[in-house]
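In what comes next, chain A is part of two complexes: it sits with chain B in the first one and with chain C in the second one.
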Partner chain A sequence: MNNMKYSICFISFIFLFMMSMLNFIFMIYFIMNKLVILLEWEIISFNSISIVMSILLDWMSLLFMMFVFLISSVVIYYSKSYMSSELNLMRFIILVLLFVFSMMLLIISPNIISILLGWDGLGLVSYCLVIYYQNLKSYNAGMLTALSNRIGDVLILMVISWMLNYGSWNYIFYLEFMNNDWQMKFVSSMIIMAAMTKSAQIPFSSWLPAAMAAPTPVSALVHSSTLVTAGVYLLIRFNMLLLDTFFLKMLLLLSGLTMFMAGISANYEFDLKKIIALSTLSQLGLMMSILSMGMPDLAFFHLLTHAMFKALLFMCAGVIIHLMNDMQDIRFMGGISMYIPLTTLCMNISNMALCGIPFLAGFYSKDLVLEMVNFSTFNLSIFFLFYLSTGLTMFYSFRLVMYLMINDYNLMSIYNLYDEDYVMLKSMFILLFMSVISGSFLNWMIFPYPYMIYLPFNMKMMVIYVSLIGGMFGYLVSNMNIYSVNKFIMTYNLSNFLGMMWFMPNLSTYGLNYYFLKFSQNLVKNIDLGWSEIYSGFGMMSIMKKNSVLYNIYQMNNFKIYLFSFVIWMVIILFMMLFNI
Partner chain B sequence: MFLFNSNKMFFLFILFFSTFISISSNTWFGCWIGLEINLLSFIPLISNSNNLLASEASLKYFLTQTIASINFLFTILMMLILMKNFEMNNFILIMMNSSMLMKMGSTPFHFWFPNIIEGLSWFNSFILMTWQKITPMIILSYCFNKNFIIIIIIFNIIIGAIGGLNQTSLRKLMAFSSINNLGWMVSAIMISQTLWMFYFFLYSFMITIMCFLFHMLNMYFINQLFINNMNFLIKINLLINFLSLGGLPPFIGFFPKWIIINFLINNNMYLLTLLFMMMSLIMLFYYIRITYSAFMFNYLKMKWFKIFIKNNYFMMINFLSFISVMGMILSTFFFY
Partner chain C sequence: MMKFLFMLIFMIPMCFMKNMFWMVQMMLFLLMFLFMNLGMSLNLFCNFSYMLSCDIMSYGLIMLSIWISVLMIMASENLYKMNFFLNFFLFNIIFLLIMLYLTFSTMNMFLFYLFFEGSLIPTLMLIIGWGYQPERIQAGMYLLFYTLFVSLPLLMGIFYLYNEMQSMMIYFLKFMNLNIYMLYFSMIMAFLVKMPMYFVHLWLPKAHVEAPVSGSMILAGIMLKLGGYGLLRLMIFLQEINLKLNYIWIVISLIGGFYISLKCFSQIDIKSLIAYSSVAHMSIVISGIMVMNYWGFIGSYILMIGHGLCSSGMFCLANISYERLHSRSLYINKGMMNFMPSMSLWWFLLMSSNMAAPPSLNLMGEISLINSLMSWSWVSMFMLMMISFFSAGYSLYLYSFVQHGKYYSGVYSYYTGVSREYLMLILHWLPLNILIMKIDYSMIWF
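This part shows the complex of A and B:
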């Protein structure tokens, strides 16, 4: 089937691409005429509560749909080559299409019930895609992904049941009323939590790097640009409900920390896909934090540009992984710019767009975000989180570039890298084009008037300063190769903490069940099998004996120490008396 | 036995009377003089030119008691200054109490106590555990900081119970037992002097039997109990007296503890009561452990090894043990 001219990949590509173009045209029309269309289909109505399927079409949903369709079309076209030796290609493509469908449901519905439809679909399909390579690691990663996202599903369900009180789930109509209701604070906090699970913010971020067990096209579509941004999109939609709540401030802190944490962890990581995943996490933190500062349009802007270049980055990574005989460790790579110049071109451009090099996609959104941070009245810790993370972005990007492209090829002594797979390259070029222009075109299109930014010179240049410093560090770190003395050993505990995403994968897997299992093991050992001797006579005796031994150690001192300690005690009491403490 | 040595008889006499000087003195200074005489008369009793350990113990005893005395003297001089303004504060009480606690070998100033008792004969240990406690205890009862004393009591009973658990030396065991009982005695003196007197007499009585018995059998370590070929009656005496010392109900050792617990509950010191009872269980545990394995499990009977005990001592021990066993039951008959 793959050799046929009209394979399922090609057909889906054409369909999705056409849908994308259609959405583009509609988006232009809607944005020019400031049009919003709301369609409602009342499914059931009882006791003045109606369950409706609603569809909201405005420039935002159309634009997001256009981007999702574009990326998915390109990714499906790309998987024609990437997954060419896959037996169940049909299943794979259908899964991806199902994913796109649930994403559409999520994007177009302003109704919390129909949102749940898309939301649950995303969780299920992403689980199926993560476990697509059926091995133990994929199962574990899939289970972590599914269960982390399940928390968000449960919270959305709770939101639905709570919003029954308000008579309708079309929250968009009742914003004014709901804003004045104190119970709505809880509902909004649940929505924020749900968005945090989907967007992998700090307590739930362990699943995003784990989900890299999925095939690379899936990572490009799902875990970089669409699924993880669903949480951001939900919060953008709910933004009116959340303004000035306590939980939004918490979200600002947590997402700032996510951004920082992911930036640091990416520098410790040696797995190519995980580096990019952590960079995604960092960018998600950026979107979330600018969103929680009260600038949803900026968050949306960064979401879109980021989707372009991050999908491209993943696709380049997929090409490289293919060429490396499925090797993902960047320590084995190097010097590939000599052999695969076109892929390297895409990779460099997407990396630079990620870093925010001027006039690429990331520049417009990221620079604007950082300047708005500078411009707003938030405290120093938030400021530092933003700017350190910007520097860290540059840091890991440069490290990645240096590892991949500058040094020597480290895998095998005889090799032939082949860069003429034009199916992959063509699909990458579409995104390359988009990641060059999407920043500027979105900037001109979606902001009716430009932001006014007025900053002192050094603050304006702050982005450039941190970027230069980060790039320099990235260069220095990349000089350390596999044969040199590994300096991480010297600070083993610190590197462990920072490289393991602040222990979050351990906490969210073993941390949840370890203590319960340990407790039950103790129960079995001591009560069932041990006839509870540990908790009665024997345990008492052993504790007493231990204490007695401890006491004997104290007793085994020089005699003068006893006398001297007594004198010191008396002197202390005397001084306490004299100074009337 | 130095009861027949006239020099030592002389010092023993001074030892007893110095205590009377102290406890009947009108002034702090008089108390101090009594304590010093007491110290200087006990040292010749301890020291024995043939035994290096005894000499070392006498030196250690001298050092600790001197430091405690110095601090006591310092404190009463400080009080002299302070009392001009009729000022009295808790810290000076703590200082004075500390020096007295050091003198009687109470925790946390007790570390010298098991050390020194290791070098003493059973008769000297008996004096150290009973008579030498009277003076500091009486002086403590004149004025004390109650919070401080309660903390000290808790320390005493816990350290006494835990510390003795791993000991193999009988004298050290008795020392820790005495530390534990010190907790009881200090709490008794916190409540009333007559209660303390009651406890102290019965405690001394039981200690007398134990020390006398061990002295007679010439026993210093636990393993000696296993291999000595003893009369059945002696074994029973030892067991019963240990149980009585631990405070098992029908015996007389239970009586003072019972009354102290009663008074503590009347004074709303429930936590202290609980600790007392729990820790006396541990005390009882290690008393029983000595006698149990000595007389019931690991009894090595060696036929060629006999000890002969003079009959008159034995009669006395039997009589005292009878009181120890039946005392509480008999005393009830006096009221009918």
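This part shows the complex of A and C:
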């Protein structure tokens, strides 16, 4: 299938790329003319309630769609080579296309019922993509992913019922009007919870690293730049409702903790894809926390730039995993910069963009975010969460670079690495270009006026300080020798806690499964096979049996007894008639 | 209305001719087509002939029963191949369809009761005659006695009603208002067992496990909906007392729905899992009806139709695996994706419809039911969340257990899906997801 010149990958690439460019043009037109288009298709209207399917096109949705189309196009082109030995390539590509389709539906619908089409679709299709490989690990990861996302779906269903009183589910109309309505409190808390499940914030974050069981192109598209940002996008849309609420402060704390937790866990991880997944989690925390400080435009900005370089990072990781005979452990890698310079180039640039090295994509968004944090009036814990996480970003990025590129190659003594897979490289170069320029280009395009930041020198340099310290630590940690590794035993429990994402994977799988499944077993044993049966079918049968045996005994008796009982009965009736009872 | 009845009656001799298996199916398709074009311009009872008529509510359910009957014939091709009492099987289906048609379209309370119970006989015949294991006798007994035990009080209730109303017209029920406890319980218990409500659901998994595919399809597709239909019809003269006592049923159903969803995780039989999932869905339907508001009524109606199509399709899928592996155990039905990748798509689509993914009718129904129950009391939110969450849990559990991973190593021969099966599944899934485009036919009916 993929040996043909016009394979499904190539056709989809062309189509998606064209769509991306089209969206780009429309976006420029919309942003220049300040256009917003709202299309509504009324499905039904009764009892003064209308259920509509709505489509909202403004610069934000168009820009997001452009990015999603671009990333998906290159990812599909990339998977032509990455998945070349896959028998069911068609199935894979169709699943990815379905995923993109549901992402589009999510982006364009400002209606809480019609958003379900995209929201549920994302959950289901990503489930199919996570369990794409036929092994137990992907089975478990898929179940964890799907059920964590299902919590969000259920909360959206509940939001629908809380919004019933407003007469329509076009939430954009009610964000400012119904701000102080008490039912809107439920709505906002549930929306935040739903967004937290999709964006893997702290109680729900175990699914994101687990979802790395998916093929790498899927990780590049789904679990780095689109699906997980759906929650952030939803909150950006809902932002007007949430401003200055208690829930947003909770979100700020949780997302800050997510950012910090993921940053630390990434340093303990040895799985290449999981490190990148945890770094995604950390960046999602950053987006969520800047959003919960009341700056949705910055969150959106970081979302877009992050999508570019994170997809690129995953694609580089895919190339490396391919070359390492599907080995993902970074301890077996090393020195690859000598053999695959072009991939290393992409990887380093995306890593640097992630760390916020000046004038790459990440710099514009991340530096702005951090300076706005400095500029705002939150307390010290939030401040430290932000800056420690920034340092940790540099920390794990440097560690990754050291492990992958600097040391010796550790896998096998005979090896053959090649950097001539042009299908992968071409698709990576598109994103490489974008992860260099997208920061500045978005910065000039989507902010009508620049943010004014006025800080003392040391505060201004704070980002650079923590980055340098983090980078230094990253260098040192990756060069540790056997004695220093032994010292980790002294802090064994702490390392366990930090390295296992604060035990969240255990808590959200074994911690819940056991009790529910035990309860379910008990229910079956005690109710379905127990009391219910005794008091209905089985019990009735046994009573009937007993009584029929009794009647049998009665009937086997002498005829005399019948006559006798008849006489007694008559006597009783006579007495009753006599005494008028 | 009479013309369709006569068409059905005159199809009975056709069942006993030779080589008429597909012809009967085609005739039922024709009937479906004719019935679909019935002018339903009013929201009231229309198309009267003799004592038969239909409003939107019975229109949809009659359509569903014809549709499921067609697909039942399509699903039981195995009987056709083995020539396993084929004529009597066809007669059974036609007889069942006549019973269902009359139940939904009759205007007379007593006749409604008569046909309501009459539809039990062909179902019992299906289970006992074409089922698989010897346990089917017990399953048939459970099916029969559970429903009969509570339906005799219903008969008494109907007689009492005749005494009060001096008429049996269903339409006139709306002018009555009877606040009698005994009457209330005797009137609704039959339907609650038929639905089935939690605690009296035991007959359903048993019957499903032992029934042939056609029996399971009709049980899940229509028989459960008879209960819902009866409740929707009779609730109108029990309004006042129902508003006093509805919390009993709602509480039992909501908590029971949650428990049943949990029980699905302990099932190792595919069919019994699907049967339990229907109980979970029906529990929300019961609570939606009992709340007695507009959203609840339409929601339960939509969910009944959606669930009828969806669970019937899932039983078809279970049978497709059964015909190949001769087992319904989850431990043997594994890794089907390696054998039938295209069937895996249909598994997924029907599973996702079962967990109320958009744009299925189930989602619309669930949204309406959640709306109605939340307007009754917002505390029911928690149980609804649990039911909704675990419905995804067991659907995905079933899907991934059957489709994903390694296949059972004792499989020696296998064959992929045939076009008949794909057509059957499409005919289940398509109405389920297309009907939402014209949802006003299900939403505006009184």
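Throughout what follows, the second predicted complex is superposed on the first by the 506 of 581 C-alpha atoms of A that agree within 3 Å, B and C clash if a C-alpha of one lies under 4 Å from a C-alpha of the other, contacts with A are read in each partner's own complex, and residues count from 1 in each chain.
Going forward, a contact is a pair of C-beta atoms (placed from the backbone, for glycine too) under 8 Å apart; a residue touches a chain by one contact, two chains touch by 3 or more.
Note that the structure is a prediction, hence the values are computed from the model and not measured.
Student: If we overlay the two complexes on their shared chain A, which of chain B and chain C does A:48 touch? Say first, second, both or neither.
Tutor: In the superposition, A:48 contacts neither chain B nor chain C.
Student: Per the contact definition in the header, classify A:180: touching chain B only (first), chain C only (second), both, or neither.
Tutor: neither
Student: If we overlay the two complexes on their shared chain A, which of chain B and chain C does A:85 touch? Say first, second, both or neither.
Tutor: Neither partner.
Student: Looking at A:545, would you say it contacts chain B, chain C, both, or neither? Reply first, second, both or neither.
Tutor: first
Student: When the two structures are overlaid on chain A, which partner does A:458 contact: first (chain B), second (chain C), both, or neither?
Tutor: neither
Student: What's your read, chain B or chain C touching more residues of chain A?
Tutor: Counting residues of chain A touched by each partner, the higher count goes to C.
Student: For A:377, decide between first (touching chain B), second (touching chain C), both and neither.
Tutor: In the superposed model, A:377 contacts neither chain B nor chain C.
Student: With both complexes overlaid on chain A, does A:519 touch chain B (first), chain C (second), both or neither?
Tutor: After superposing on A, A:519 lies in contact with chain C but is clear of chain B.
Student: What residues on chain A does chain C touch that chain B touches too?
Tutor: none
Student: Using the touch definition from the top, list the residues of chain C that touch chain A in their complex.
Tutor: Spelled out, the residues of chain C in touch with chain A are 142, 145-146, 199-200, 202-203, 259, 262-263, 265-266, 294-295, 335, 337-338, 341, 348, 352, 355, 357-359, 363, 366-367, 370-371, 373-375, 381, 384-385, 388-389, 392-393, 396-397, 400, 404-406, 436-437, 439-440, 443-444.
Student: For a test of understanding, state which residues of chain A touch chain B in their complex under the given definition.
Tutor: 544-545, 547-549, 551-552, 554-555, 557, 559, 562-563, 566-567, 569-570, 573-574, 576-577
Student: Quick one: which bits of chain B touch chain A in the complex? Just the residue numbers, please.
Tutor: Result: residues 60, 63-64, 67-68, 71, 74, 78, 89, 91-92, 94-95, 98-99, 102, 109, 111-112, 114-115, 159, 162-166, 282 of chain B touch chain A.
Student: Which chain A residues qualify as touching chain C in the complex?
Tutor: 43-44, 46-47, 51, 88, 91, 113, 116-117, 120-121, 124, 127-128, 131, 134-136, 139, 142-143, 146-147, 150-151, 153-155, 157-158, 160-162, 164, 516-517, 519-521, 523-524, 527-528, 532-533, 536-537, 540
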